[in-house]
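As structure tokens, here come the structures.
Heads up, the next two complexes both have chain A, just with different partners, chain B and then chain C.
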Partner chain A sequence: MDKAYIIENLIKWWGDLSYTVWMYFALFLPLTALVYHFVRRDRRKYVLLIFSWIFFFSLSRFLLFANIASSVFVWALGLKLEAINSDKSIKRKERKKRKKRVLIAGIISLLAVLIIFKYLDFIGLNIVRVTWRMGIPFDWKMLKLAAPVGISYYTLESIAYLSDVYWEKAEAEKSLPNVLLFMSFFPKLIEGPITRYNEFRGIFEGVDIHPDSLATGYQRILWGLFKKLVIADQIAPAVNALYEGEYMDGGVALCAAVFFTIQEYMDFSGAIDIAVGSARIFNLRLPENFRQPFFAKNASDFWRRWHITLGAFFRDYIFYPISLSKGAARISGNVRKVLGNSVARFTTPAIALFFVWLSNGLWHGPRWTYVFYGMYYFVLILIENILEEPFVKLLEKLHLTEASVPVRVFRFIKLFFIVIIGEMFFRAETFTKGFEMFKCIFTDLRFDVMLNNLENISIDRYGYFAIAVGLIVVITVEILKEAGFPLRERLEALPVPVRFGFWYACIFTVIILGAYGTGYDAADLIYAQF
Partner chain B sequence: MKKIIIFLAGFVVLLVLASAAVKPAAGEVYDIINTDRKLSEVAAESDDTIDVMFAGNSLLFHGVSPLQIWSETGITSYDLSEGAMRLCDQSALIMSTYDKQTPELLVIEPTLIFDNASPYKDDYAIPTNFIEKIFPIFHYHTFYKAIKLSGEDESKRSLFKGFEGSYDVDPYKKDPDYMQKEADPATIPEINRKYLREIVDFCREKNIGILLIAMPSPKNYNMGIHNALQEWADANGIPFVDTNLMTDEIGINWETDTKDRGDHLNFEGSRKVTGFIADYLKENYDLTDHRGDERYSQWDADLAEAGVY
Partner chain C sequence: MREKVMEILTDLRPDVEFETEKALVSDNVLESFDIIELISRLNNEFDIEISPKELTAVNFDSADAITGLVERLVAEEEE
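And now, the complex of A and B:
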């Protein structure tokens, strides 16, 4: 093999970098930790920054400069806001007005960059659709721009940071490298979790890597790999085959939606486990993004347990500001005059919720199915809010409580269908396809086609076996966690040889049952595209 | 930190042990499941009874029936091919089956010469392949898929000697003169040439003749591929028969003889091509007709059990 061939292939290979490939957790991460360890404490953040840039560059090449430019912009704006905050020579009202201008300019600029990279083609195509119907000639040439990795995540993080400085909930960061690291830190780059600046500051201290943090971090990474490789990637070909199959009936549609829900949860929460585990090695505790979502009592509770950091972002930076705004209060007042108090009390939350869920849908990407997904939850959560009180009264009449088994079973079944119907549309290529799938649940519900499909969807019985083993383990762990069982502490209390045996068994389960290498196509991380 | 080092050392030891346990018998291969199965199927044949080995991928797997060749000529043969089989796997099979079988002729169906021939999923992933080489457990981690459940067919013999016919019919309706049209010249990748060289050297050393026979397949053949194969065959002094140029002579009817629109032959198509190959072998090679020889009585029993020839 000649040198040029080797170099060309190594570059191609490095381009496959992601959280679930060995080069990340067995090469990139240990190398980062090693260099970090041997560098003076105050310089460690620079090590993390350089490795984050290498990570970024591997995935997005020179779009790294878009990230750096955004970071410098956010840093400068943060300082500007701080300067206005602390300039006591200006009157309070004037100060507020000025910094509001800076904040709005900052948010619009950051969103503009996001829109240019991710939504321009979508906007252009929809303008073409509308103008075509109106008979106005307008053409849109698809730009197909590649977006910088993680742009949806770091845009929200920077908006949160600027807003916090604006509200004086956080101090503006004086150090540019700190902001650069915040915006590009490799463990949270691809899929979050969306981290607040105050949650991130600890990393700048460059705390020593302790054997415990190393072990805990890698154990969490292993758990993420288990979810992603043993379950999500094993089930991925089945999901594709079911969604793209020639024949669709209600059974196939339901099965496709259930399989996709499993895949998405395991894929996304697995990647978050890897992110949290990676950061843990450097003594940074990233916020959790999932908390046993299928134990939620209703749709809004589900969203407090599923993609928690996104929900929290929308709560803090959209829901509250709109709820507390003068505009919302005015509308609510008008509604009270016309329709009375019982309707008015739902008006403000409804307005705020509408924008929360519209943003949620749009954030996932430029597709109408995502907008529908957002609106689907908006309507459901609104209905839930309205019906909550009558439901509690009904329970009282029936002498039942929230903890009663029939109530819990009812809530679980209701949530299960709410979630899988939502995911059915979410995964569908078009809204029409999603709607056809939904429709045939009621018009063409048979199970023979589904069973026949299951045997022919490029997943063999060993694949099903791996998925079943994986799900049993994950469900057991989730039940224990929900019940507050101290799983981790109990494991740590075991004698060393038993503990070693346990972790070896876990590692070999992933090595043997994982969907990687010969016979498998690597499945991209689902939430990396959002 | 000491504990972590001990843990990692133990992990390496376990990797070495697991790797030793799962390494396939055929040597370094891409698809451990198919190669191991083929190997055990061939091993179930009586020693030194196969005169012709067929190697290839699904085109051959669905195209040439050794039982039919037996019924028509008394020549014994075996089909080492399998769907999507890579050249590296065929090479390993050819060499490892030689322990028990000493064929006089190797017939290669050459579509696989243009497919990925590497034993590793991605040839470019040099470091990944290196790790898989050191710790084969990562490469062969799906070894468990060969495990059969109790009650399943435990017989390792292949009644049809490696061939699998299909009664599906899905006509090919496009251009019947696909070999007349101009096509881009095809190139044989370097790694594939390496495996071909190994096979040729092995056969020369063991005094095994080599013959290339291309199956009729409008989806997989054109003149660009034909020319590249002819060039390679000429350079190596190997005869090359391209049945795509003889479909009229063989009597291929694309309405009835393909199972998937000109990709693979179905049973009817395989009958015609196998008949042609049986005649070709009989005319061009001095292969023994073993019919009536008691050592080969199993072949007659299999023929009767198959009941289709």
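And now, the complex of A and C:
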């Protein structure tokens, strides 16, 4: 038999290793753990690297070499920065200048690769739009390039690493295999969490797999599968039907946005649970990416609880550097002279915040709806910060505190609408479609039509039941976590038969209530496309 | 120097107990807008330049840590 034929079939059988296919958690992950366990400690990182490459290859084939090339580049640049840092024969100012040149060259190159793979068609089409209006003949042939899996995530991770070495917050990594593993480690590859190099170093020690970490890891994976298969994938066909259906009124628009918000949260946080759980098996604690976001007191707080690692990246590598730059100080000084202190106070953060949210929108992908989504939060968060002081004074006058029930209810309702309207635009095919949906909430809101629609959106009663059970479980867990209840510890303290009974019940719940079979395709992970 | 730092801190956020709080940044007691405002005031008051490099929890988690950072940077400026 032809060798190529065998390999081709092997690849087909192996399939795409998304986190929610059984091949991943029932075969790939145990196999990796097994080989890891039987190999000498100092060689374990190579095992993880090889399995990460197999994982990468299964999803992106030979684009793996783009990842390897970027890793080698980042490794070399890290060493170069370190060499300048430690060369005391050069004056401090000159050192800084040289370092800056290397860092900027590095960041531009990494972003260029990202732009080529993901944004070129978007840029081309927009140039065509402008030139067409101006009557200049220019045509763009769509390239439709496939991007290496996880490129948006590992590009940010490598920018953070180089910046940390530049600021001497992190030491440059001397070992190339370590950097290669950092940039391709399979649990965090597809959807993050975006991990800092210093948080990742622990993995290189090749610590033994402990029964506790194995159990905790798999429990976390099960929790992720529950969110993804029982809720997100069950609700996915309804979201598609509502967004793509011919009929749209205010009720349908609201419903579509609420369903999509549920789908997205369960899909993304579920994938993160699987990522964190998978890494936990190898004794690595990846950073958490969600912390009960719907308990946030406002939009800024929401973003400290939702996709935490992305927000933290933008804060540390865009917000602070811009806010603290000399240019921002100059502008703020000029504004102070003309408009006074109270306006100047918000000038610097506002400039920085604009770039943060522009980047946030664009990071999600080459679409104007994402740019709008970023600008939407930019405006909201800026308004929130400006109004915070008057709001606190108003509360004092009304003899209310932050903890009062009416204030908390008000904050929750406000946040709820902020989030679902943001998601309404985020999921819309075009900005116009998003705006039409938004408009009809105010012009055409009829709940009887909405209820009629809910019966015809390809979820049967069984589906609604599964989603309802799933949501009740997740919301209960979130409430307990927010209240600081030690859920895990309490579960661990139960007698062994009860504990095992509980985990078996969980496994069967996922199997029974999960979305599979005809009519359901395991929906792609939403955040994998970003 | 510590009194001056405390004065700036309490003026910035009168609702926070700066004498006892030991996780100002780690627990998000100070938000990013506060940090920027704080740095701009510290820079003006002590004629120093706090760069993004210094933005770590270790440097900003307590009034003592902030005072330590300012003292170090003032000394560096005088070098």
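Things to note:
Keep this in mind: the second predicted complex is superposed on the first by the 517 of 530 C-alpha atoms of A that agree within 3 Å, B and C clash if a C-alpha of one lies under 4 Å from a C-alpha of the other, contacts with A are read in each partner's own complex, and residues count from 1 in each chain.
The definition used in the following text is that contacts are C-beta pairs under 8 Å (C-beta built on N, C-alpha and C of every residue); 3 or more make two chains touch, one makes a residue touch a chain.
As the structure is a computational prediction, the values presented were derived from the model and not from experiment.
In the superposition on chain A, A:507 makes contact with chain B only, while chain C stays out of contact range. Of the two partner chains placed by superposition, only chain B is touched by A:23; chain C is not. Shared-chain residue A:444: touches no atom of chain B or chain C.
Of the two partners chain B and chain C, it is B that touches the larger number of chain A residues.
In the superposition on chain A, A:168 contacts chain C only, with no contact to chain B. After overlaying the two complexes on the shared chain, residue contacts for A:348 are found with chain C alone; chain B is out of touch.
Using the contact criterion defined above for the overlaid structures, shared-chain residue A:462 touches chain B, although it does not reach chain C. Within the superposed three-chain model, A:214 lies in touch with chain B and out of touch with chain C [touch as defined at top].
By the touch criterion stated above, chain A contacts chain B in their complex at residues 6, 8-10, 12-13, 16, 22-23, 27, 211, 214-215, 460, 462, 496, 500, 503-504, 507-508, 511-512, 514, 516-519.
Those residues of chain A that touch chain C in the shared complex are 167-169, 300, 304, 315-316, 319-321, 323-324, 329, 332, 345, 348-349, 352, 385. For chain B in complex with chain A, the touching residues are 1, 3-4, 7, 10-11, 14, 18, 30-32, 121-128, 131-132, 137-142, 144-145. Across the interface of their complex, chain A is touched by residues 28, 31-33, 35-37, 39-40, 50-53, 55-56 of chain C.
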